[in-house]
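Note that subunit A is present in both complexes that follow, paired respectively with subunit B and with subunit C.
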Partner chain A sequence: MIITNQVTKNYGTSCVVDGVTLELPQGGVTSIIGPNGAGKSTLLSMVSRLMAMDKGSVTIGGLDVTKAKSDELAKKLSILRQDNHMTARLTVHDLVSFGRYPHSKGRLNIEDKAHIDRAIKYLDLEPLSGRFLDELSGGQRQRAFVAMVLAQDTDYVLLDEPLNNLDMKHAMGMMKLMRQAADDLGKTVVLVLHDINFASWYSDHIVAMKLGKVAAQGSVKDIIRPDVLNPIYEMEINVHEIGGQLISVYYG
Partner chain B sequence: MPALIAGTIITIALAIVSLFVGVSDVSLASLLSGGWEGRPGEVLLISRIPRTAALVLAGASMAISGLVMQMIVRNRFVEPGTTGTSESAALGFLVVTIFAPGWPLMAKMAVAALFALGGTALFLRVLRAVPLRDVLLVPLVGIMLGGIVGAIGAFIAYRTNLMGSMLAWNMGDFSGVLRGRYELMWFGLAGCVLAYIAADRFTVAGMGKDFTTNLGLNHRAVMILGLVIVSVVSAVVLVSVGSIPFLGLIVPNVVSMLIGDNMRRTVPWVAVGGAGMVLACDIVGRLIRYPYEIPISVVMGVVGSLLFLYLLLRTPRGAK
Partner chain C sequence: MSSNPLARLSRPAWVLIALTVLAVASVVLFMTLGAKGSWSFILPFRGKKLLGLLLVAYSVAVSTVLFQTVTNNRILTPSIMGFDALYVLIKTCIVFFLGVGALTSISSEWQFVFSLVAMVGFSGFLFRWLFLGEERSLHLLVLVGIIFGTLFRSFSNLMQRMMDPGAFNVLQDTLFASFATTDPSLLGISCVIVGVVSVVGFRMMHVYDVLNLGRAQAINLGVDYKRTVAIILVLVSILVSVSTALVGPVTFFGLLVVTLAHSLVGNSLHRYVLPASILLGIIALVGGQTLLERVFAFDTALSIIIEFLGGVVFIALVLRRSAR
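Up next, the complex of A and B:
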């Protein structure tokens, strides 16, 4: 369970995340949605201790993220931000291997190697495993980063816009993988997503944010509704049920 | 692996050549006839072996400190010469020479290392305050900072009649290396070993602060460890033989091009490559107007600037 209590972040005078109190359920896929500037990424960064919060507290599986040892947290929680500028020239295999660092501290055993191979296979990276990251396309690189996070094998997996740079096929593959990680491996997956239809199709739980606050949260059918979404996005969004799924239409 | 062994053999061959190049006649034949007691034996023990050892140590450790610097700053074009580190070490050495001329060399070196640490930390501070979009601006900021620190040093040296010494520190030269006057450089080897032990940490730091934190490492601690290695190595080399330009830039960049940036793999390459390059440049400097010598910083400056130009031109501007 991820519990945030009055989490706040200010940049100068503007409050980016404003006293967010949340309880994200154990297991399953939770998506955080909302317009640009809602504070989704900032919240995720604070939850994962990448960014210090000005006020409030966060506990993950009982560990206070600001007080717990970072290397202990790294075995429980993994985070991938968007826009990862990698200057180091590493191969895909090297990168994914570093995902095992919290467990192996650099000495890979058989179990570590099995995790690495599985993560590479899951993300369809086998033919690219010896290639350097700077020789890959944006989408391939994104998959390599996600493979690294999967190799880390943590109970909680936090991904900030993991569908960035991915084409439709790989975006769907990624979401299926997240679903699988939650259903088969019992992981708690938290995603920041822009595409509300992906969020609707694959999530168990949705948190909608606006202007630094939680505007609404609940199950898919509680959130993917015109009366909830329209004020959040300040636009006309129609929701249709297609094949048992709630699909939003907002193209004009 | 076979390539690394080949590289090591070439470097060892260069080291052996370095032992036998010079005005005084030292050859296998003269050594065999004279023994250790004869003049060739003495020259070998007092001058040639120390010089060769100093070359290997300086080459390996300066190249490694360039590599460490590039990982922690996450920029291909930084090394102690482009981050104000060398100039700060020189300023520290100058200050301690003025105020505590009687201190042992070891203590003076420590002061130089502290100044180097401070200067490099200042450079990182400036970088954090001015986020730069272009990769080439980072070393430019460092060179400017080095220029300012160097100017302060030059002013003090001018007022205290130490310009000569200042010049000597800024110009790397191995001709003065004798037994008893280079041993501090073994600290450089310690720096290399430390860099190898902590190689994974530096690679992770090279992936950025967020990745480092995600993997449970303290980013700040890794930065500080890197800074200490770079500062001590720079100070030791500066105090012993003077600064050697471009070395820390070129060797790690070439290695990165060939085998990437996973430091666990690149440290041996960079160390061997650095030693080999310094040995080769020193031998050239000793032969080009034999029996006189050209300081290694001049040879390295010419060779290095050409190679650096090549590296610059093949990197697209603004590349990550």
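Up next, the complex of A and C:
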């Protein structure tokens, strides 16, 4: 379980995340949605200890993220952000191998190698595994980073806009993979998503944020409703039920 | 089983083998070429010079690689942080306040220890910016370092202008990097310091590649980021102190060998880049010195040539970046 208590972040005088208190359930896929500037990524960064919080606390599976040892946390929690600019020149296989670093500290054993191969296979990267990252398209590179996170094999997986740069096929593949990770491997997956239809189709739980605060949270059918979404996004959103799933239409 | 084990070697392995051969050849030539007279004199005489060059090549290569790793930047070198400028300032202060005689009357060991302490203290002082913020704090630290470097340089310039011209001449002579005249009295202490730094650095070997992935990924993978970066920057400042104390400030030499090492090896893994940079440093210094001293009979021009080539590489890197 991920518990945040009064988590707050200020940049100068503007409050980006304003006293967020949340309990994200163990297991399943949770999506965080909301307009630009809602504080979704900042919240995720603080939950994953990449950013210090000004106030509040976060515990993940009983570990306080600001106090627990970083290498202990790395075995429980992985985070992938949107921007993965890198100066290092590495192959896909090298990158995915780094996912095992928390477990092996650079000395890969047979079990580590199995994890690496499985992650590469999961993300369809076998033909690319010897290629350098700077020779790949944005989407391929994104998949390589996700493979690294999978190889890390943590109970909690946090992804900040994992669908960036992905075409429809790979975006769907990515979400299916997250679903599988939650259903088959019992992982707790938390995603920041912009496309509310992806959130609706693949999540168990949705947290909607606006202006640094949690505007609404609950199951998909509690959140994907015009009366909830319209004030959050400040636009007209219609929700239709198609094939048993709630689909939002907001074009035009 | 392949019949020919050499055929299975990867590109980085080939590069390392070739560089090792060249480095050993440079060392052998340096020791033997043009030797006239008794070997019992020549071997210790040239051996001391060689040891100085090896220490400098090693310190500059390792400090530049590690500095680029923690800053995630391929253009920066430790000299940008004002370490060299601090060294110049210390020497200038000695001459300005204690007189030109002090340069020779204070033993070079003490001058060395003093500048080492000052440089490590300076990097410790800079760390407060590293611990202040988070995301951009390393960049802030580098920027503050650059500003202090400028401050040190301005102070040195001011004092040098107010100084007696004769004293200035002597001072300027000690501030030019000279690979031909490493200070032999400092070799022992330098060896010990470089040895200790290497042991500490080697035990952290596995962290370097992870740091190369950037701050967020390093933290995600469980690296204690601030502590690790602080330790590495202390190691870097010690290595810079050693090389500056031995030969004087060198600006572009590190950039030259590390950039070459990266393009020869073809990937960024430290187990290849670090040894390749060290070997290239040895080839450039020892090989270059042999060529200039024995073949062309020049004396002090090597630092100028190396700095010139390094400067060209630097400009090429900047231009290539802006072209992207």
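To be clear about the criterion, the second predicted complex is superposed on the first by the 252 of 252 C-alpha atoms of A that agree within 3 Å, B and C clash if a C-alpha of one lies under 4 Å from a C-alpha of the other, contacts with A are read in each partner's own complex, and residues count from 1 in each chain.
Simple rule for what comes next: contacts are C-beta pairs under 8 Å (C-beta built on N, C-alpha and C of every residue); 3 or more make two chains touch, one makes a residue touch a chain.
Owing to the predicted nature of the structure, the values given are computational and were not obtained by experimental measurement.
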item	value
Side-by-side fit of subunit B and subunit C on subunit A, or clash	clash
Partner chain(s) touched by A:36 [first = subunit B, second = subunit C, both, neither]	neither
First, second, both or neither for A:52, with subunit B first and subunit C second	second
First (subunit B), second (subunit C), both or neither touched by A:78	both
Touching partner for A:98 - first (subunit B), second (subunit C), both, neither	both
Contacts of A:13 with subunit B and subunit C, given as first, second, both or neither	neither
Touching partner for A:70 - first (subunit B), second (subunit C), both, neither	both
Intersection of the subunit A residues that touch subunit B with those that touch subunit C	48-50, 69-75, 78-81, 84-91, 94-95, 98-99, 101-102, 105-106, 132, 152
Subunit A residues touching subunit C - in the complex, by the definition given at the top	48-52, 69-75, 78-81, 84-91, 94-95, 98-99, 101-102, 105-107, 132, 152
Subunit B partner contacts - residues on subunit A that touch it in the complex	48-50, 69-75, 78-81, 84-91, 94-95, 98-99, 101-102, 105-106, 132, 134, 149, 152
In the complex with subunit A, residue positions of subunit C that touch it	72-74, 134-135, 205-206, 209-210, 212-217, 219-225, 262, 266-269
Interfacial residue positions of subunit B with respect to subunit A in the complex	71, 74-76, 199-200, 203-204, 206-211, 213-218, 256, 260-262, 264, 320
